[in-house]
């Protein structure tokens, strides 16, 4: 358990070293062709452990004190923090430092391309179409008629149901189950994700609940990522749809017939009940819950632990349970605190 | 990803066509033996995509505008909406339209009966009793002395522990683990469910926490269904019991020694702490949490995100954290809003 | 489904009988060498079902009425309840009755030691080091260069990634995935736990979100236990660290770079966002959520469903969303109730 730099050691593959010129190119900064640009770096590291052979990063004011003491060789920062960079450290000033940082890290740690490997223990059904350079791990099962696009990586213990379609470049983590679903390209499913099982639908019959057939599918757009152990039920009469580019964190529940637009964000342990619709660029923070059959407008932001019981307008910021505008919520908190101190008679 | 009707395509098996007479019989409507009853239908579809060859459904007032424009051949509705059914559409007026609808859908999409199939990769322990027409998928493990009733379907990658008993007609989804448990008949476990692991029990010892042996079981009654990735811990000194007919959604946590009565409903991401007891027909909405060692009376309803810290009477409706009657909760919300606007000094 | 005593039947191994002398020794009570100490007991049982051949337990005042009617042969109680023990029952009065009880139960139900067994279906990578008496179940996969310490039990369907290190005496439950992680000794992972996957990190790029490489690890200290289907993301630039002895319940989410000190408790469905730090002995109750980048002091207690948006001082008790001191929270509840009744104009 020896101390190490991030991305080092047996867990990670690393490329490099790369010169400052390479780094600038990766993040789109102008070159000046000075001697400095020939200096080579070995990797990335946080402010407090970085050496002159590392590139570091700051975008959270909270960590500003660490910046002043860093020994990093170069650092990606926004203009606001540039003046605080020590004189021995090369500032790499960017408009979007987190994005630039991400690309520097990716330069040293590129995604490992898939290989054409099929573990002999995998069980592949009939009429399955498998593209080129597809990696299929041990104990995988793929049902009849499924289609797996080029360059996919299917980790061990994955169960892909009959007729499922998976686009090119997808990465399916260990122990995932996918059924009744069509995945676009570059979809990433983390371990334990459950896609396409029956939604929670039943009617009250004379002898107890009767399960309502769930006849829709799950459609995941290009570039969608779903976090570990999250669950996405298939539609009942229409499809459950996650729009392209959306990012869903761990332990999230998406009910049947839910629609997410493009580039939505749903943070850990949030839940979206059946038939609710989110337009593009909606953010749902951790542990928030949305009831069913409501509509959330474009770019709306739902706060952590928020309980949303009715439609939310485009661009609105809501929090609280029941949900209300941010400002109103915090005003309520202040009001109640004040009134409690007065000990109302 | 071509548009399709629900239940069509490669993901679903479909029977039919069925005549209106068949449909009426399935839902218990009286026959009139008119020419109309000979018309055949191909399947079910939502209001906005249904053609004259489909049967559709409405029970949510929110979607009433769609009813007036539907091209469905027939539609299951309650009496309240019957007058809004277009003249070209046959109204199938039912007292319980959702139940009737469920049965129509089931007519076209019956549950596929289990076959007697054991995948050669499955690992079956010693003295395991397996009934007739049991389907056992790839990479399944079944421990010594387990008993699997007639007509069960055990999907791939399932792990059934030693001595577990599973009644007839159960369906165990992919990647489920079951140990220390006795399941009644027709139990359905969705993918990733965890049944029977140790509860969260430990005592404070001189050198840290010491795990308390968990010596109870999990008992699931007939017809219980448990949603994807939900977790049900076995009892510590008594059993954890889920009463017959109860429906548990995805990502729900049930602690050790919890007892649910018959036909309880627990919606996604709710959690019930150790030793709490729910009587029959209790509903716990999404993301609600119940502390341990409390008692929830028959037919009580616990609202979404509710935090229940004490007993709830039979028939009560509670919401909020801490829980309070629905009416009180919404009165509090209104009071606080009013006070905040007044800017109390 | 016949009635049974806890720990009996096919699901459990049991030792015994043990004499009262043995029991006293197990829990550190002084011997008096009376005839009573030769009486033998068969096992443990709850108050209402225990017979004279069982040892029972009470520490929750709620169950005091059961004590007066118990037929248990002996009972572990605190001094406060000793006078209520029936005359036919031997009182075993302890300062820490729950701990003592745990040890009595462990006497009858010791942890089964691991055997040296490797199921032939397991797939072990290259250069894997496996200690003595390691038990490896069916369909396990272990990546290249992993190290498994002496006495570990790896249940079926587990996936251990390349280079993962697992200390001696760990127990890894079914269907667990572990990657990019170093586990101390005696770590217990319950079924479906996900350790070491990418954290939820992405930057906004010109064409949508871009995943930020996650270059840290997960470090689990000695004696850590993680409940079923919980998820612990690996660090982005530093490690995610769970301190020795900490206990994490089911369906808990731990974000990247989070640090827990020693002997923390995190109850079911709670979530801790990225880079937040908990010192030693912090308790986070069920369904609580902590935002990222905050600091929780030693022995602080975060209540159920609490939403923590800022640092919490050592020893503080907070609850509510947003979090506030317990006392303030309940005063607020009382204030609001009072004001609502007055129907403010």
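Chains: A, B and C, in written order; residue numbering restarts at 1 for each.
We take it that a contact is a pair of C-beta atoms (placed from the backbone, for glycine too) under 8 Å apart; a residue touches a chain by one contact, two chains touch by 3 or more.
Everything numeric in this text was worked out from a predicted model, so none of it was measured.
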Using the definition of touching given at the top, classify the network of chains in this structure as line, ring, star, complete or other. complete
Same or different for chain B and chain C, where same means more than half of the interface numbers show up on both copies? different
Cα superposition of chain A onto its copy chain C, rotation angle rounded to the nearest 5 degrees, comes out at 120
Please tell me the distance, in whole Å, between the geometric centres of chain B and chain C computed from their C-alpha atoms. 28
Chain A: positions in contact with at least two other chains: 121, 139, 157, 175, 192, 229, 251, 269, 287, 305, 321, 336, 339
Which chain B residues qualify as touching chain C in the complex? 121, 123, 139, 141, 145, 157, 159, 161-163, 165, 175, 177, 179-180, 182, 192, 194, 197-198, 200, 202-205, 208-213, 215-217, 219, 229, 231, 233, 235-238, 251, 253, 255, 269, 271, 273, 287, 289, 291, 293, 305, 307, 309, 321-322, 324, 328, 331-332, 334-336, 338-339
Using the touch definition from the top, list the residues of chain A that touch chain C in their complex. 1, 6-7, 9-12, 44-46, 57, 60, 62, 96, 98-99, 101-103, 105-106, 109, 119, 121, 137-139, 155-157, 173-175, 188, 190-192, 223, 225, 227-229, 244-245, 247, 249-251, 262-263, 267-269, 286-287, 304-305, 321, 333, 336-337, 339-340, 344
